[in-house]
Amino acid sequence: MFRLTVRDHIMIAHSFRGEVFGPAQRLHGATFVVDLELARGALDANGIVADIGLVSELLKAVLAPLNYRNLDELEEFRGQNTTTEVLARAIAQRVRARILEGALGEEAKGGVAAVKVTLGESHIARASYETVLQG
Amino acid sequence: MFRLTVRDHIMIAHSFRGEVFGPAQRLHGATFVVDLELARGALDANGIVADIGLVSELLKAVLAPLNYRNLDELEEFRGQNTTTEVLARAIAQRVRARILEGALGEEAKGGVAAVKVTLGESHIARASYETVLQG
Amino acid sequence: MFRLTVRDHIMIAHSFRGEVFGPAQRLHGATFVVDLELARGALDANGIVADIGLVSELLKAVLAPLNYRNLDELEEFRGQNTTTEVLARAIAQRVRARILEGALGEEAKGGVAAVKVTLGESHIARASYETVLQG
Amino acid sequence: MFRLTVRDHIMIAHSFRGEVFGPAQRLHGATFVVDLELARGALDANGIVADIGLVSELLKAVLAPLNYRNLDELEEFRGQNTTTEVLARAIAQRVRARILEGALGEEAKGGVAAVKVTLGESHIARASYETVLQG
Amino acid sequence: MFRLTVRDHIMIAHSFRGEVFGPAQRLHGATFVVDLELARGALDANGIVADIGLVSELLKAVLAPLNYRNLDELEEFRGQNTTTEVLARAIAQRVRARILEGALGEEAKGGVAAVKVTLGESHIARASYETVLQG
Amino acid sequence: MFRLTVRDHIMIAHSFRGEVFGPAQRLHGATFVVDLELARGALDANGIVADIGLVSELLKAVLAPLNYRNLDELEEFRGQNTTTEVLARAIAQRVRARILEGALGEEAKGGVAAVKVTLGESHIARASYETVLQG
């Protein structure tokens, strides 16, 4: 199995509901260093998992609606905590959807086997979500 | 699959038996930067893999009997080399046992699917052990 | 010259005023990985720059009023942008004041020559502020 | 499952064919930070995945023919792009072959279950290839 | 003193002349992770060392003529080895010149006190060059 | 000013005397990731601070008597705590002495202006010592 990983980041504000979150129930924020990993069983004709330029643009496009935002105000997260885990899933699912729409080219639609998104929230904590692709 | 990872560290002394270890047969020591990764298929009601505060406490509690110790003197490792691999397994198994005892709450007992412990021993070497949970 | 550095982090929300900040004028947030560096010309009687346990506690105490906060609401930053640079200075000045009050012990008051605080805001940007100590 | 990882690096020149590579079609170069990960289900009699000294030597030996080279001139890569993915596979396959030849000892031939090679090409991109061993 | 640091990278090919360089006399290459650090004694009216967006653009513009190039073919380095040290100086001097031309705004011309460029060539080696600014 | 930095590591056991050290009074150990930084005002004829191969060998030679040792048993540290700060100084002073003896060549004796040694003891703590060279 081959894997390609590219890195970007977002800076967001949010708050959590639930006693388990302690002081993080207050409005605070985070930098998330985002690693997007694509897996595929065989390389394409150019000898790559995907065009790294397109992958970087795809990641940036998916992150843009979240970046420099107060996530508490976004409609799509209404009623749920935007935890690191929830955000990793949301980003991974959007990347997956865009790949299936052809954002990485026709060939990649069937070639990419899985998408994993890891969000580093500090030097001591991170969370990830991995999902498979099915055309 | 979701994964949550938290980091801590221990500083220990030990020595190894076996020619394969060369100069590490002498009493020496190591800092192990410890990454504890929990995996689960679905998030809990709060949208998390587990309460990160409880996970950090759990890891600290499991590391405490090892930290600032000469592992050669610990009864539990008598007769075996406390290699990075052996320590990763010992820590992972203790974390697993505590989760099954309820250290991360009742819900997490059935929710956490796997535990992985990675020990970084330097900037150029690390070892890990992964185990599944079964109630 | 000797230097001792310890690391901690904070997670905050804030917004900036000024066109130069572009999208960061919106309410957003950041994780700041904080490195506190103390410099001194000679070690104390124990062979250290300072008690690393006390230094870690001091840093945590200085960071506590900022952590998990919306900095826009804090009286002390009213009328100024809480940029990475401004926060690095604020943290360094508070550390300096506490050292001069004896937080690291009487001996350290005269021993510590300089305080430097570096705030990593992402994997590609950081800022720092350094100040000297004068009793 | 146990995993052991050791790190080394190579510095190479190369160029790519294909419009997808943009400016990387020109002769340029890269430092690849190479992580070699070995997996096995059970430890050997010494309590290790493999002799870390032998693993490091094995990795260095496999990297030697690539290091400080213009990969465009190497016969073995004629007709294919030496992308990060292709190099990760080439290195992993050579490591695998040497393990099966006994480079890590007789016991490791059957013990090592999988080989993964990750090449970090910058602070924002990396690629890996993983392969299983079958005696 | 305040310092602001931003990170980018280049991927280049080159060769060295001189026996001291051993195998690096052959055509090879490197990824250089480039940290650009600006120092100034006081912040500007916005509470920053400089507009981080402009600093990132400035760094990218200075790196562009080097990126994805065989440095042996560049006129400007004719007759000298493009060692990590030499490149760090070349990049720092160009950054300095552009700041003095106003690339970071009029105010920054007099405000920025020093420029430091660090090139990380691997996980175990880096070099830097620091220069002061005089209007 | 130019600076060149190379990295290596040691793994040692030791214990401390003094209540300030708490549990570190027990025999324990550490991995120290060692960064050796050499500074000089002008490059040599090859365009380098020093031959990086010689610098790496010099560092390894200086670290060898400490590596895989119980520092409590070494004559040279009798009566003092082998804190991170004390070890950084000891290593820096030995590097300095060897440079003055010609370990980096005759030219480097007068060229190298300063030596700085940084010891990373974990992901959250490090200490350094810097000394100037005088022929």
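By letter and in written order, the chains are A, B, C, D, E and F; residue numbering begins at 1 in each of them.
As a working rule, contacts are C-beta pairs under 8 Å (C-beta built on N, C-alpha and C of every residue); 3 or more make two chains touch, one makes a residue touch a chain.
No experiment lies behind these values; they were computed from the predicted model shown.
Enquirer: Could you tell me which chains are in contact with chain C and with chain D alike?
Expert: A, E
Enquirer: Rotation angle, chain E onto chain F: superpose the C-alpha atoms of these two copies and give the value as a multiple of 5 degrees.
Expert: About 120 degrees of rotation relates the two copies.
Enquirer: Which of these pairs, B-F, E-F or A-C, matches B-D in more than half of the residue pairs in contact?
Expert: So the equivalent interface, with over half the same contact pairs, is E-F.
Enquirer: Would you mind checking which chain's C-alpha centre is most distant from the centre of chain B?
Expert: E
Enquirer: Which one of the chains is farthest from chain A, going by Cα centres?
Expert: F
Enquirer: List the centre-to-centre spacing of chain C and chain F in whole Å, with centres computed as mean CA coordinates.
Expert: 27
Enquirer: Whole-Å distance, chain D centre to chain F centre, using C-alpha means?
Expert: Whole-Å distance between the two chain centres: 31.
Enquirer: Please report how many Å separate the Cα centroid of chain B from that of chain E, as a whole number.
Expert: The separation of the two C-alpha centroids amounts to 41 Å.
Enquirer: Can you list every residue of chain F that touches 2 or more other chains, as numbers and ranges?
Expert: Residues 7, 123-124 of chain F each touch two or more of the other chains.
Enquirer: Inside the complex, what are the residues of chain B that reach chain D?
Expert: Residues 16, 18, 20-22, 80-86, 88-89, 118, 123-130 of chain B touch chain D in their complex.
Enquirer: Which of the residues in chain C end up touching chain F in this complex?
Expert: Residues 1-8, 43, 46-49, 51-53 of chain C touch chain F in their complex.
Enquirer: Spell out the part of chain F that touches chain B in their complex, as residue ranges.
Expert: Chain F residues touching chain B: 7, 9, 11-14, 23-24, 26-33, 67-70, 121-124.
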